[in-house]
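Below you'll find the structures, each written out as C-alpha coordinates.
You will see chain A twice below: alongside chain B first, and alongside chain C after that.
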Partner chain A sequence: MLGFFIKAGVFYISWQIIYDLFLLPNGQLDHFLSVSVAILAKNLLSFLGWNINCAGRLLVIEGYRGVEVLNGCNALTLMALYSGFIIAFKGPLKQRIQYLSVGLLTIYLLNILRIMAFSLATVYFQQHWDTFHEFSPFIFFYPFVLYLWYQWTLVNEKKATPFMSGLFSA
Partner chain B sequence: MDISKRKKGYPIYVRTILSLIFFSAIYITLIRPIRVTINSDYLYPKFSQIALDEGVELKENSRRINIQKKGYDSPRGFGVPFGGYFWLPLALLVACYNWNAVLALISYHLFLFIIPPYLGILFIRGHDWAGTLLQINEMLFLGIFMFTIFFGGQEIFNKYKE
Partner chain C sequence: MKNRYYMITVIALTILSFVMAQDPPDLPGAPNQGPIGGMVWLAIGGVVLAVKKYHSQKTDK
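Up next, the complex of A and B:
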(Lines of atoms letter the chains of each structure in order from A and count residues from 1; the text may use other names and numbers.)
(Lines give C-alpha, C1' and ligand atoms only; values in the text may rest on other atoms or scores of the structure.)
Protein backbone atom coordinates (compact mmCIF):
# COMPACT_ATOMS: atom_id res chain seq x y z
CA MET A 1 0.00 0.00 0.00
CA LEU A 2 2.86 2.40 0.81
CA GLY A 3 4.31 1.74 -2.65
CA PHE A 4 0.98 2.69 -4.20
CA PHE A 5 0.83 5.99 -2.32
CA ILE A 6 4.42 6.86 -3.23
CA LYS A 7 3.83 6.04 -6.92
CA ALA A 8 0.59 8.03 -6.99
CA GLY A 9 2.22 10.97 -5.18
CA VAL A 10 5.16 11.01 -7.59
CA PHE A 11 2.76 10.85 -10.54
CA TYR A 12 0.67 13.78 -9.28
CA ILE A 13 3.68 15.94 -8.46
CA SER A 14 5.28 15.18 -11.85
CA TRP A 15 2.02 15.83 -13.67
CA GLN A 16 1.52 19.18 -11.94
CA ILE A 17 5.07 20.30 -12.69
CA ILE A 18 4.76 19.27 -16.37
CA TYR A 19 1.39 21.01 -16.55
CA ASP A 20 2.64 24.21 -14.93
CA LEU A 21 5.88 24.45 -16.89
CA PHE A 22 4.79 23.22 -20.32
CA LEU A 23 1.09 22.51 -20.86
CA LEU A 24 -0.29 25.65 -19.21
CA PRO A 25 2.02 28.12 -21.01
CA ASN A 26 1.43 26.26 -24.28
CA GLY A 27 -2.31 26.37 -23.69
CA GLN A 28 -3.37 24.06 -26.53
CA LEU A 29 -4.57 21.15 -24.40
CA ASP A 30 -6.63 23.37 -22.11
CA HIS A 31 -7.97 25.30 -25.10
CA PHE A 32 -8.97 22.12 -26.91
CA LEU A 33 -10.70 20.59 -23.88
CA SER A 34 -12.52 23.79 -22.95
CA VAL A 35 -13.64 24.88 -26.42
CA SER A 36 -14.62 21.41 -27.66
CA VAL A 37 -16.66 20.77 -24.52
CA ALA A 38 -18.38 24.15 -24.95
CA ILE A 39 -19.17 23.46 -28.62
CA LEU A 40 -20.48 19.94 -27.97
CA ALA A 41 -22.59 21.13 -25.02
CA LYS A 42 -23.98 23.91 -27.21
CA ASN A 43 -24.81 21.48 -30.04
CA LEU A 44 -26.52 19.04 -27.69
CA LEU A 45 -28.59 21.79 -26.07
CA SER A 46 -29.49 23.18 -29.52
CA PHE A 47 -30.53 19.67 -30.55
CA LEU A 48 -32.76 19.52 -27.48
CA GLY A 49 -34.45 22.73 -28.60
CA TRP A 50 -32.65 25.41 -26.58
CA ASN A 51 -31.80 28.74 -28.18
CA ILE A 52 -28.14 28.82 -27.21
CA ASN A 53 -25.06 30.61 -28.54
CA CYS A 54 -21.43 29.67 -28.19
CA ALA A 55 -18.39 31.94 -28.62
CA GLY A 56 -15.12 30.19 -27.82
CA ARG A 57 -15.41 29.02 -24.23
CA LEU A 58 -18.59 30.99 -23.53
CA LEU A 59 -22.09 29.48 -23.65
CA VAL A 60 -25.17 31.68 -23.40
CA ILE A 61 -28.77 30.58 -23.42
CA GLU A 62 -30.72 33.48 -24.96
CA GLY A 63 -31.88 35.85 -22.22
CA TYR A 64 -29.84 34.30 -19.40
CA ARG A 65 -26.39 34.61 -17.92
CA GLY A 66 -23.46 32.98 -19.72
CA VAL A 67 -21.28 30.07 -18.63
CA GLU A 68 -17.56 30.18 -19.37
CA VAL A 69 -15.50 26.98 -19.45
CA LEU A 70 -12.28 28.09 -17.74
CA ASN A 71 -9.20 25.89 -17.49
CA GLY A 72 -10.28 24.73 -14.05
CA CYS A 73 -13.60 23.53 -15.49
CA ASN A 74 -12.29 21.39 -18.34
CA ALA A 75 -11.83 18.28 -16.16
CA LEU A 76 -8.11 17.98 -16.94
CA THR A 77 -7.24 17.84 -13.23
CA LEU A 78 -9.74 15.06 -12.68
CA MET A 79 -8.37 13.15 -15.67
CA ALA A 80 -4.90 13.33 -14.09
CA LEU A 81 -6.31 12.29 -10.72
CA TYR A 82 -8.10 9.32 -12.25
CA SER A 83 -5.03 8.27 -14.26
CA GLY A 84 -2.75 8.48 -11.21
CA PHE A 85 -4.70 5.78 -9.41
CA ILE A 86 -4.88 3.48 -12.44
CA ILE A 87 -1.16 3.86 -13.09
CA ALA A 88 -0.07 3.49 -9.46
CA PHE A 89 -2.25 0.50 -8.60
CA LYS A 90 -0.73 -2.70 -9.96
CA GLY A 91 -2.49 -4.51 -12.79
CA PRO A 92 -1.98 -5.91 -16.30
CA LEU A 93 -0.73 -3.41 -18.88
CA LYS A 94 -3.31 -4.11 -21.58
CA GLN A 95 -6.22 -3.60 -19.20
CA ARG A 96 -4.53 -0.59 -17.68
CA ILE A 97 -4.53 1.06 -21.11
CA GLN A 98 -8.17 0.10 -21.60
CA TYR A 99 -9.17 1.53 -18.23
CA LEU A 100 -7.23 4.72 -18.95
CA SER A 101 -8.81 5.18 -22.40
CA VAL A 102 -12.39 4.44 -21.37
CA GLY A 103 -12.06 6.41 -18.13
CA LEU A 104 -10.61 9.54 -19.74
CA LEU A 105 -13.14 9.48 -22.58
CA THR A 106 -16.02 9.04 -20.15
CA ILE A 107 -14.79 11.89 -17.93
CA TYR A 108 -14.69 14.07 -21.05
CA LEU A 109 -18.27 13.08 -21.96
CA LEU A 110 -19.45 13.59 -18.39
CA ASN A 111 -17.94 17.06 -18.48
CA ILE A 112 -20.08 17.88 -21.53
CA LEU A 113 -23.15 16.88 -19.51
CA ARG A 114 -21.89 18.96 -16.59
CA ILE A 115 -21.42 22.07 -18.73
CA MET A 116 -24.90 21.52 -20.21
CA ALA A 117 -26.23 21.32 -16.65
CA PHE A 118 -24.43 24.58 -15.75
CA SER A 119 -26.14 26.30 -18.68
CA LEU A 120 -29.54 24.95 -17.72
CA ALA A 121 -28.88 25.99 -14.12
CA THR A 122 -28.73 29.62 -15.28
CA VAL A 123 -32.34 29.18 -16.44
CA TYR A 124 -33.82 27.13 -13.60
CA PHE A 125 -31.88 28.00 -10.45
CA GLN A 126 -29.47 30.86 -11.07
CA GLN A 127 -29.52 31.82 -7.37
CA HIS A 128 -28.05 28.40 -6.48
CA TRP A 129 -25.63 28.30 -9.40
CA ASP A 130 -22.47 28.68 -7.26
CA THR A 131 -23.51 25.89 -4.90
CA PHE A 132 -24.36 23.66 -7.84
CA HIS A 133 -21.01 24.46 -9.43
CA GLU A 134 -19.16 23.70 -6.18
CA PHE A 135 -20.83 20.34 -5.65
CA SER A 136 -21.09 19.28 -9.30
CA PRO A 137 -18.06 16.91 -9.16
CA PHE A 138 -19.88 14.91 -6.49
CA ILE A 139 -22.76 14.40 -8.92
CA PHE A 140 -21.01 14.03 -12.27
CA PHE A 141 -17.49 12.77 -11.61
CA TYR A 142 -16.67 11.27 -8.24
CA PRO A 143 -19.15 8.35 -8.26
CA PHE A 144 -17.93 7.30 -11.70
CA VAL A 145 -14.25 7.67 -10.82
CA LEU A 146 -14.67 5.73 -7.57
CA TYR A 147 -16.57 3.00 -9.41
CA LEU A 148 -13.89 2.58 -12.06
CA TRP A 149 -11.15 2.60 -9.43
CA TYR A 150 -13.01 -0.12 -7.58
CA GLN A 151 -13.32 -2.16 -10.76
CA TRP A 152 -9.63 -1.68 -11.39
CA THR A 153 -8.75 -3.06 -7.95
CA LEU A 154 -10.98 -6.05 -8.74
CA VAL A 155 -9.21 -6.62 -12.07
CA ASN A 156 -6.07 -7.12 -10.05
CA GLU A 157 -7.90 -9.78 -8.06
CA LYS A 158 -9.51 -11.10 -11.30
CA LYS A 159 -12.97 -10.39 -9.93
CA ALA A 160 -14.32 -7.71 -12.28
CA THR A 161 -18.10 -7.68 -12.55
CA PRO A 162 -19.61 -9.15 -15.76
CA PHE A 163 -20.49 -5.65 -16.99
CA MET A 164 -16.93 -4.38 -16.75
CA SER A 165 -15.41 -7.66 -17.86
CA GLY A 166 -17.53 -7.51 -20.99
CA LEU A 167 -16.68 -3.87 -21.54
CA PHE A 168 -12.96 -4.49 -21.39
CA SER A 169 -12.67 -7.99 -22.80
CA ALA A 170 -12.34 -7.01 -26.49
CA MET B 1 -22.45 -13.72 24.87
CA ASP B 2 -23.28 -10.22 26.02
CA ILE B 3 -19.66 -9.22 26.12
CA SER B 4 -19.00 -10.50 22.61
CA LYS B 5 -22.05 -8.63 21.30
CA ARG B 6 -20.91 -5.44 22.97
CA LYS B 7 -17.43 -5.87 21.51
CA LYS B 8 -18.82 -6.29 18.00
CA GLY B 9 -20.93 -3.12 18.35
CA TYR B 10 -23.39 -1.85 15.79
CA PRO B 11 -23.43 -3.21 12.23
CA ILE B 12 -21.10 -1.34 9.89
CA TYR B 13 -23.89 0.25 7.82
CA VAL B 14 -25.51 1.68 10.98
CA ARG B 15 -22.14 3.02 12.15
CA THR B 16 -21.54 4.60 8.74
CA ILE B 17 -24.93 6.32 8.63
CA LEU B 18 -24.63 7.54 12.23
CA SER B 19 -21.08 8.72 11.63
CA LEU B 20 -22.05 10.62 8.46
CA ILE B 21 -25.01 12.27 10.21
CA PHE B 22 -22.98 13.13 13.31
CA PHE B 23 -20.02 14.64 11.48
CA SER B 24 -22.23 16.46 8.96
CA ALA B 25 -24.14 18.05 11.83
CA ILE B 26 -20.91 19.08 13.54
CA TYR B 27 -19.53 20.50 10.31
CA ILE B 28 -22.62 22.49 9.36
CA THR B 29 -23.41 23.87 12.81
CA LEU B 30 -19.94 24.43 14.21
CA ILE B 31 -16.98 23.99 11.90
CA ARG B 32 -18.21 25.76 8.78
CA PRO B 33 -18.96 29.04 10.62
CA ILE B 34 -15.58 28.80 12.37
CA ARG B 35 -13.82 28.34 9.02
CA VAL B 36 -15.67 31.36 7.59
CA THR B 37 -14.70 33.42 10.65
CA ILE B 38 -11.05 32.35 10.49
CA ASN B 39 -10.95 33.31 6.82
CA SER B 40 -12.86 36.59 7.02
CA ASP B 41 -11.40 37.86 10.33
CA TYR B 42 -7.81 36.64 10.17
CA LEU B 43 -6.58 35.15 6.90
CA TYR B 44 -8.27 37.41 4.35
CA PRO B 45 -7.36 40.75 6.03
CA LYS B 46 -3.76 39.60 6.47
CA PHE B 47 -3.46 38.37 2.90
CA SER B 48 -5.26 41.35 1.38
CA GLN B 49 -2.82 43.67 3.16
CA ILE B 50 0.15 41.77 1.74
CA ALA B 51 -1.54 41.61 -1.69
CA LEU B 52 -2.25 45.35 -1.60
CA ASP B 53 1.41 46.09 -0.84
CA GLU B 54 2.49 43.91 -3.76
CA GLY B 55 -0.24 45.09 -6.18
CA VAL B 56 -1.79 41.63 -6.47
CA GLU B 57 -5.52 40.94 -6.66
CA LEU B 58 -7.28 38.62 -4.19
CA LYS B 59 -10.54 36.97 -5.28
CA GLU B 60 -13.11 36.92 -2.50
CA ASN B 61 -14.27 33.56 -1.22
CA SER B 62 -15.65 32.75 2.23
CA ARG B 63 -13.48 29.67 2.83
CA ARG B 64 -10.52 30.11 0.49
CA ILE B 65 -7.72 32.51 -0.32
CA ASN B 66 -7.59 32.90 -4.10
CA ILE B 67 -4.63 34.85 -5.47
CA GLN B 68 -5.15 36.21 -8.98
CA LYS B 69 -1.83 37.28 -10.42
CA LYS B 70 -1.31 38.87 -13.82
CA GLY B 71 -0.54 36.31 -16.52
CA TYR B 72 -2.47 33.52 -14.79
CA ASP B 73 -5.76 32.31 -16.29
CA SER B 74 -7.26 31.30 -12.99
CA PRO B 75 -6.45 32.12 -9.37
CA ARG B 76 -4.15 30.03 -7.21
CA GLY B 77 -4.48 29.58 -3.52
CA PHE B 78 -5.62 27.31 -0.75
CA GLY B 79 -8.68 26.49 1.28
CA VAL B 80 -9.06 26.80 5.03
CA PRO B 81 -8.35 23.25 6.29
CA PHE B 82 -10.82 20.96 8.05
CA GLY B 83 -13.55 21.55 5.47
CA GLY B 84 -15.96 19.10 3.90
CA TYR B 85 -13.02 17.35 2.23
CA PHE B 86 -11.83 16.46 5.75
CA TRP B 87 -15.10 15.61 7.50
CA LEU B 88 -16.55 13.30 4.84
CA PRO B 89 -13.52 10.95 4.75
CA LEU B 90 -13.22 11.25 8.55
CA ALA B 91 -16.79 10.03 8.96
CA LEU B 92 -16.01 6.94 6.86
CA LEU B 93 -12.73 6.21 8.64
CA VAL B 94 -14.30 6.57 12.09
CA ALA B 95 -17.13 4.25 11.03
CA CYS B 96 -14.64 1.51 10.20
CA TYR B 97 -12.47 2.24 13.26
CA ASN B 98 -9.38 2.96 11.17
CA TRP B 99 -7.66 5.12 13.79
CA ASN B 100 -4.27 5.21 12.08
CA ALA B 101 -5.84 6.73 8.97
CA VAL B 102 -7.84 9.15 11.15
CA LEU B 103 -4.62 10.31 12.79
CA ALA B 104 -2.90 10.66 9.42
CA LEU B 105 -5.81 12.69 8.05
CA ILE B 106 -5.84 15.03 11.07
CA SER B 107 -2.06 15.48 10.81
CA TYR B 108 -2.34 16.29 7.13
CA HIS B 109 -4.95 18.99 7.75
CA LEU B 110 -2.83 20.47 10.55
CA PHE B 111 0.01 20.61 8.02
CA LEU B 112 -2.37 22.46 5.66
CA PHE B 113 -2.75 25.19 8.29
CA ILE B 114 0.94 26.07 8.02
CA ILE B 115 2.51 25.31 4.63
CA PRO B 116 -0.06 26.53 2.05
CA PRO B 117 -0.53 29.95 3.73
CA TYR B 118 3.24 30.37 3.74
CA LEU B 119 3.39 29.41 0.05
CA GLY B 120 0.54 31.86 -0.60
CA ILE B 121 2.56 34.71 0.92
CA LEU B 122 5.61 33.73 -1.14
CA PHE B 123 3.49 33.59 -4.29
CA ILE B 124 2.07 37.04 -3.69
CA ARG B 125 5.59 38.36 -3.09
CA GLY B 126 6.65 37.26 -6.55
CA HIS B 127 8.02 33.75 -6.06
CA ASP B 128 6.26 32.04 -8.97
CA TRP B 129 7.56 28.58 -7.98
CA ALA B 130 5.38 28.86 -4.88
CA GLY B 131 2.40 29.05 -7.26
CA THR B 132 3.42 25.69 -8.71
CA LEU B 133 3.74 24.25 -5.20
CA LEU B 134 0.28 25.59 -4.38
CA GLN B 135 -1.08 23.75 -7.41
CA ILE B 136 0.75 20.58 -6.39
CA ASN B 137 -0.78 20.97 -2.95
CA GLU B 138 -4.26 21.30 -4.51
CA MET B 139 -3.69 18.18 -6.59
CA LEU B 140 -2.46 16.14 -3.62
CA PHE B 141 -5.30 17.52 -1.50
CA LEU B 142 -7.87 16.26 -4.01
CA GLY B 143 -5.99 12.98 -4.38
CA ILE B 144 -5.87 12.37 -0.63
CA PHE B 145 -9.58 13.16 -0.36
CA MET B 146 -10.52 10.74 -3.15
CA PHE B 147 -8.17 7.99 -1.95
CA THR B 148 -9.48 8.26 1.60
CA ILE B 149 -13.06 8.10 0.37
CA PHE B 150 -12.16 5.16 -1.83
CA PHE B 151 -10.26 3.05 0.69
CA GLY B 152 -12.61 4.02 3.55
CA GLY B 153 -15.63 3.14 1.41
CA GLN B 154 -14.01 -0.10 0.30
CA GLU B 155 -13.27 -1.10 3.90
CA ILE B 156 -16.87 -0.41 4.87
CA PHE B 157 -18.13 -2.36 1.86
CA ASN B 158 -15.91 -5.34 2.67
CA LYS B 159 -16.99 -5.32 6.33
CA TYR B 160 -20.62 -5.12 5.21
CA LYS B 161 -20.15 -8.18 2.98
CA GLU B 162 -18.70 -10.11 5.93
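Up next, the complex of A and C:
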Protein backbone atom coordinates (compact mmCIF):
# COMPACT_ATOMS: atom_id res chain seq x y z
CA MET A 1 0.00 0.00 0.00
CA LEU A 2 2.89 2.32 0.78
CA GLY A 3 4.19 1.66 -2.73
CA PHE A 4 0.88 2.85 -4.18
CA PHE A 5 1.02 6.15 -2.30
CA ILE A 6 4.68 6.72 -3.16
CA LYS A 7 4.10 5.99 -6.86
CA ALA A 8 0.95 8.13 -6.93
CA GLY A 9 2.73 10.97 -5.10
CA VAL A 10 5.73 10.87 -7.44
CA PHE A 11 3.40 10.77 -10.47
CA TYR A 12 1.28 13.74 -9.39
CA ILE A 13 4.26 15.85 -8.32
CA SER A 14 6.02 15.10 -11.62
CA TRP A 15 2.86 15.86 -13.55
CA GLN A 16 2.40 19.18 -11.77
CA ILE A 17 6.03 20.17 -12.43
CA ILE A 18 5.84 19.17 -16.10
CA TYR A 19 2.51 20.96 -16.50
CA ASP A 20 3.56 24.18 -14.76
CA LEU A 21 6.99 24.41 -16.36
CA PHE A 22 6.37 23.12 -19.87
CA LEU A 23 2.77 22.39 -20.85
CA LEU A 24 1.13 25.51 -19.41
CA PRO A 25 3.63 28.03 -20.84
CA ASN A 26 3.64 26.18 -24.15
CA GLY A 27 -0.15 26.05 -24.15
CA GLN A 28 -0.52 23.82 -27.20
CA LEU A 29 -1.93 20.76 -25.41
CA ASP A 30 -4.52 22.81 -23.51
CA HIS A 31 -5.37 24.72 -26.66
CA PHE A 32 -5.75 21.54 -28.71
CA LEU A 33 -7.97 19.85 -26.13
CA SER A 34 -10.16 22.93 -25.61
CA VAL A 35 -10.58 23.90 -29.25
CA SER A 36 -11.05 20.35 -30.56
CA VAL A 37 -13.69 19.65 -27.91
CA ALA A 38 -15.48 22.90 -28.83
CA ILE A 39 -15.33 22.13 -32.57
CA LEU A 40 -16.54 18.53 -32.16
CA ALA A 41 -19.34 19.60 -29.81
CA LYS A 42 -20.36 22.27 -32.35
CA ASN A 43 -20.30 19.79 -35.23
CA LEU A 44 -22.39 17.25 -33.33
CA LEU A 45 -24.94 19.87 -32.33
CA SER A 46 -25.05 21.19 -35.92
CA PHE A 47 -25.60 17.63 -37.09
CA LEU A 48 -28.51 17.38 -34.68
CA GLY A 49 -30.02 20.49 -36.24
CA TRP A 50 -28.95 23.27 -33.88
CA ASN A 51 -27.96 26.64 -35.26
CA ILE A 52 -24.65 26.91 -33.42
CA ASN A 53 -21.47 28.90 -34.03
CA CYS A 54 -17.97 28.19 -32.82
CA ALA A 55 -15.09 30.66 -32.56
CA GLY A 56 -12.01 29.11 -31.02
CA ARG A 57 -13.00 27.99 -27.54
CA LEU A 58 -16.38 29.71 -27.64
CA LEU A 59 -19.64 27.97 -28.56
CA VAL A 60 -22.80 29.99 -29.09
CA ILE A 61 -26.26 28.73 -29.97
CA GLU A 62 -27.75 31.67 -31.82
CA GLY A 63 -29.66 33.97 -29.50
CA TYR A 64 -28.39 32.40 -26.28
CA ARG A 65 -25.41 32.82 -23.99
CA GLY A 66 -22.17 31.23 -25.10
CA VAL A 67 -20.10 28.51 -23.48
CA GLU A 68 -16.35 28.95 -23.26
CA VAL A 69 -14.06 25.94 -22.95
CA LEU A 70 -11.25 27.19 -20.70
CA ASN A 71 -8.11 25.26 -19.78
CA GLY A 72 -9.85 24.03 -16.64
CA CYS A 73 -12.74 22.68 -18.74
CA ASN A 74 -10.72 20.52 -21.11
CA ALA A 75 -10.42 17.54 -18.72
CA LEU A 76 -6.61 17.45 -18.86
CA THR A 77 -6.34 17.49 -15.06
CA LEU A 78 -8.91 14.72 -14.82
CA MET A 79 -6.94 12.69 -17.36
CA ALA A 80 -3.85 13.11 -15.19
CA LEU A 81 -5.76 12.09 -12.06
CA TYR A 82 -7.18 9.03 -13.81
CA SER A 83 -3.77 8.01 -15.18
CA GLY A 84 -2.11 8.44 -11.79
CA PHE A 85 -4.28 5.78 -10.19
CA ILE A 86 -3.86 3.33 -13.08
CA ILE A 87 -0.08 3.80 -13.04
CA ALA A 88 0.29 3.66 -9.26
CA PHE A 89 -1.92 0.65 -8.58
CA LYS A 90 -0.06 -2.53 -9.46
CA GLY A 91 -1.15 -4.57 -12.46
CA PRO A 92 0.04 -6.09 -15.74
CA LEU A 93 1.69 -3.68 -18.18
CA LYS A 94 -0.31 -4.66 -21.26
CA GLN A 95 -3.64 -4.13 -19.55
CA ARG A 96 -2.37 -0.96 -17.91
CA ILE A 97 -1.75 0.49 -21.37
CA GLN A 98 -5.21 -0.65 -22.48
CA TYR A 99 -6.87 0.94 -19.44
CA LEU A 100 -4.92 4.15 -19.98
CA SER A 101 -5.78 4.49 -23.66
CA VAL A 102 -9.45 3.50 -23.38
CA GLY A 103 -9.90 5.64 -20.26
CA LEU A 104 -8.28 8.77 -21.67
CA LEU A 105 -10.14 8.50 -24.96
CA THR A 106 -13.45 7.99 -23.17
CA ILE A 107 -12.84 10.98 -20.87
CA TYR A 108 -12.20 13.08 -23.98
CA LEU A 109 -15.44 11.85 -25.60
CA LEU A 110 -17.41 12.38 -22.40
CA ASN A 111 -16.11 15.93 -22.26
CA ILE A 112 -17.53 16.56 -25.74
CA LEU A 113 -20.91 15.33 -24.50
CA ARG A 114 -20.56 17.53 -21.41
CA ILE A 115 -19.83 20.65 -23.46
CA MET A 116 -22.77 19.81 -25.73
CA ALA A 117 -24.94 19.51 -22.64
CA PHE A 118 -23.68 22.90 -21.40
CA SER A 119 -24.65 24.52 -24.70
CA LEU A 120 -28.10 22.99 -24.58
CA ALA A 121 -28.42 24.07 -20.97
CA THR A 122 -28.11 27.69 -22.07
CA VAL A 123 -31.28 27.14 -24.12
CA TYR A 124 -33.37 25.10 -21.72
CA PHE A 125 -32.30 26.13 -18.22
CA GLN A 126 -29.82 28.99 -18.24
CA GLN A 127 -30.99 30.03 -14.76
CA HIS A 128 -29.79 26.67 -13.42
CA TRP A 129 -26.65 26.58 -15.55
CA ASP A 130 -24.26 27.10 -12.63
CA THR A 131 -25.81 24.28 -10.64
CA PHE A 132 -25.74 21.99 -13.67
CA HIS A 133 -22.13 22.92 -14.29
CA GLU A 134 -21.17 22.28 -10.66
CA PHE A 135 -22.64 18.80 -10.67
CA SER A 136 -21.77 17.88 -14.26
CA PRO A 137 -18.51 16.05 -13.44
CA PHE A 138 -20.44 13.87 -10.99
CA ILE A 139 -22.78 12.94 -13.84
CA PHE A 140 -20.41 12.67 -16.80
CA PHE A 141 -16.98 11.76 -15.43
CA TYR A 142 -16.72 10.51 -11.89
CA PRO A 143 -18.95 7.41 -12.07
CA PHE A 144 -17.06 6.28 -15.17
CA VAL A 145 -13.63 6.98 -13.69
CA LEU A 146 -14.48 5.24 -10.43
CA TYR A 147 -15.86 2.28 -12.40
CA LEU A 148 -12.64 1.95 -14.42
CA TRP A 149 -10.51 2.31 -11.30
CA TYR A 150 -12.56 -0.40 -9.61
CA GLN A 151 -12.19 -2.63 -12.68
CA TRP A 152 -8.46 -2.01 -12.62
CA THR A 153 -8.22 -3.21 -9.03
CA LEU A 154 -10.12 -6.34 -10.11
CA VAL A 155 -7.75 -6.93 -13.02
CA ASN A 156 -5.02 -7.05 -10.42
CA GLU A 157 -6.96 -9.84 -8.70
CA LYS A 158 -7.68 -11.48 -12.09
CA LYS A 159 -11.41 -10.99 -11.56
CA ALA A 160 -12.25 -8.59 -14.37
CA THR A 161 -15.96 -8.38 -15.07
CA PRO A 162 -17.31 -9.44 -18.47
CA PHE A 163 -17.62 -5.85 -19.71
CA MET A 164 -13.98 -4.93 -19.48
CA SER A 165 -12.53 -8.40 -20.05
CA GLY A 166 -14.70 -8.70 -23.18
CA LEU A 167 -13.67 -5.25 -24.31
CA PHE A 168 -9.98 -5.94 -24.03
CA SER A 169 -9.89 -9.56 -25.17
CA ALA A 170 -11.58 -8.68 -28.48
CA MET B 1 -14.41 72.90 -59.66
CA LYS B 2 -15.07 69.27 -60.46
CA ASN B 3 -12.12 68.27 -58.27
CA ARG B 4 -13.47 70.38 -55.44
CA TYR B 5 -16.85 68.56 -55.43
CA TYR B 6 -15.00 65.29 -55.56
CA MET B 7 -12.85 66.22 -52.54
CA ILE B 8 -15.87 67.42 -50.56
CA THR B 9 -17.71 64.17 -51.28
CA VAL B 10 -14.75 62.05 -50.20
CA ILE B 11 -14.22 64.04 -46.99
CA ALA B 12 -17.96 63.99 -46.20
CA LEU B 13 -18.13 60.22 -46.66
CA THR B 14 -15.01 59.73 -44.52
CA ILE B 15 -16.39 61.88 -41.72
CA LEU B 16 -19.77 60.17 -42.04
CA SER B 17 -18.17 56.75 -41.63
CA PHE B 18 -16.57 57.94 -38.36
CA VAL B 19 -19.87 59.37 -37.12
CA MET B 20 -21.96 56.35 -38.09
CA ALA B 21 -19.45 53.70 -37.00
CA GLN B 22 -20.77 51.53 -34.19
CA ASP B 23 -19.39 48.84 -31.94
CA PRO B 24 -20.18 45.31 -32.99
CA PRO B 25 -23.27 43.97 -31.25
CA ASP B 26 -22.65 42.46 -27.84
CA LEU B 27 -23.02 38.77 -27.14
CA PRO B 28 -26.34 37.96 -25.47
CA GLY B 29 -24.37 37.74 -22.22
CA ALA B 30 -20.92 36.91 -20.93
CA PRO B 31 -20.13 33.34 -21.93
CA ASN B 32 -20.57 30.58 -19.37
CA GLN B 33 -17.33 28.92 -18.38
CA GLY B 34 -17.22 25.33 -17.24
CA PRO B 35 -14.14 24.19 -15.32
CA ILE B 36 -14.34 20.72 -13.79
CA GLY B 37 -14.85 21.01 -10.06
CA GLY B 38 -15.08 18.62 -7.15
CA MET B 39 -12.08 16.58 -8.29
CA VAL B 40 -10.93 16.23 -4.70
CA TRP B 41 -13.93 13.94 -4.09
CA LEU B 42 -12.82 11.71 -6.94
CA ALA B 43 -9.29 11.63 -5.53
CA ILE B 44 -10.67 10.70 -2.10
CA GLY B 45 -12.75 7.98 -3.78
CA GLY B 46 -9.62 6.61 -5.43
CA VAL B 47 -7.68 6.58 -2.18
CA VAL B 48 -10.54 4.79 -0.38
CA LEU B 49 -10.76 2.25 -3.20
CA ALA B 50 -7.04 1.55 -3.15
CA VAL B 51 -6.84 1.28 0.64
CA LYS B 52 -9.84 -1.04 0.71
CA LYS B 53 -8.36 -3.27 -1.98
CA TYR B 54 -4.97 -3.51 -0.33
CA HIS B 55 -6.64 -4.16 3.01
CA SER B 56 -8.84 -6.95 1.60
CA GLN B 57 -5.85 -8.53 -0.17
CA LYS B 58 -3.92 -8.47 3.07
CA THR B 59 -6.73 -10.14 5.06
CA ASP B 60 -7.20 -12.77 2.29
CA LYS B 61 -3.58 -13.82 2.71
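In the analysis below, the second predicted complex is superposed on the first by the 169 of 170 C-alpha atoms of A that agree within 3 Å, B and C clash if a C-alpha of one lies under 4 Å from a C-alpha of the other, contacts with A are read in each partner's own complex, and residues count from 1 in each chain.
Throughout what follows, a residue touches a chain if its C-beta (ideal position, glycine included) is under 8 Å from a C-beta of that chain, and two chains touch if they have at least 3 such contacts.
Just so it is clear, the structure is predicted and the values come from calculations on it, not from any experiment.
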After the chain A overlay, clash or fit between chain B and chain C?
-> clash
Which partner does A:149 contact after superposing on A: first (chain B), second (chain C), both, neither?
-> both
Applying the touch criterion given at the start, work out whether A:63 contacts chain B, chain C, both or neither, answering first, second, both or neither.
-> second
On chain A, which partner's contacts cover more residues, chain B's or chain C's?
-> C
Who does A:97 touch here: chain B (first), chain C (second), both, or neither?
-> neither
Which of the two partners, first being chain B and second being chain C, lies in contact with A:105: first, second, both, or neither?
-> neither
Just chain B (first), just chain C (second), both, or neither: which does A:15 touch?
-> first
So, A:139: does it touch chain B (first), chain C (second), both, or neither?
-> neither
Where does chain C run into chain B after the fit on chain A, at 9-17, 27-35 or 45-53?
-> 45-53
Both chain B and chain C touch chain A; at which residues?
-> 70, 72, 77, 81, 85, 142, 145-146, 149-150, 153
Per the touch rule above, chain B residues touching chain A in the complex are 73-74, 131-132, 135-136, 139-140, 142-143, 146-147, 149-150, 153-154
Listed in rising order, chain C residues that touch chain A in their complex are 27-39, 41-43, 45-46, 49-51, 53-55, 57
Taking the complex as given, what residues does chain A use to touch chain C?
-> 1, 4, 58, 60, 63-70, 72-73, 75, 77-78, 81, 85, 88-89, 114-115, 118, 122, 129, 133-134, 136-138, 141-142, 145-146, 149-150, 153, 156-157
Could you please specify the touching residues of chain A with respect to chain B in the complex?
-> 5, 8-9, 12-13, 15-17, 19-21, 24, 30, 70-72, 77, 80-81, 84-85, 142, 145-146, 149-150, 153
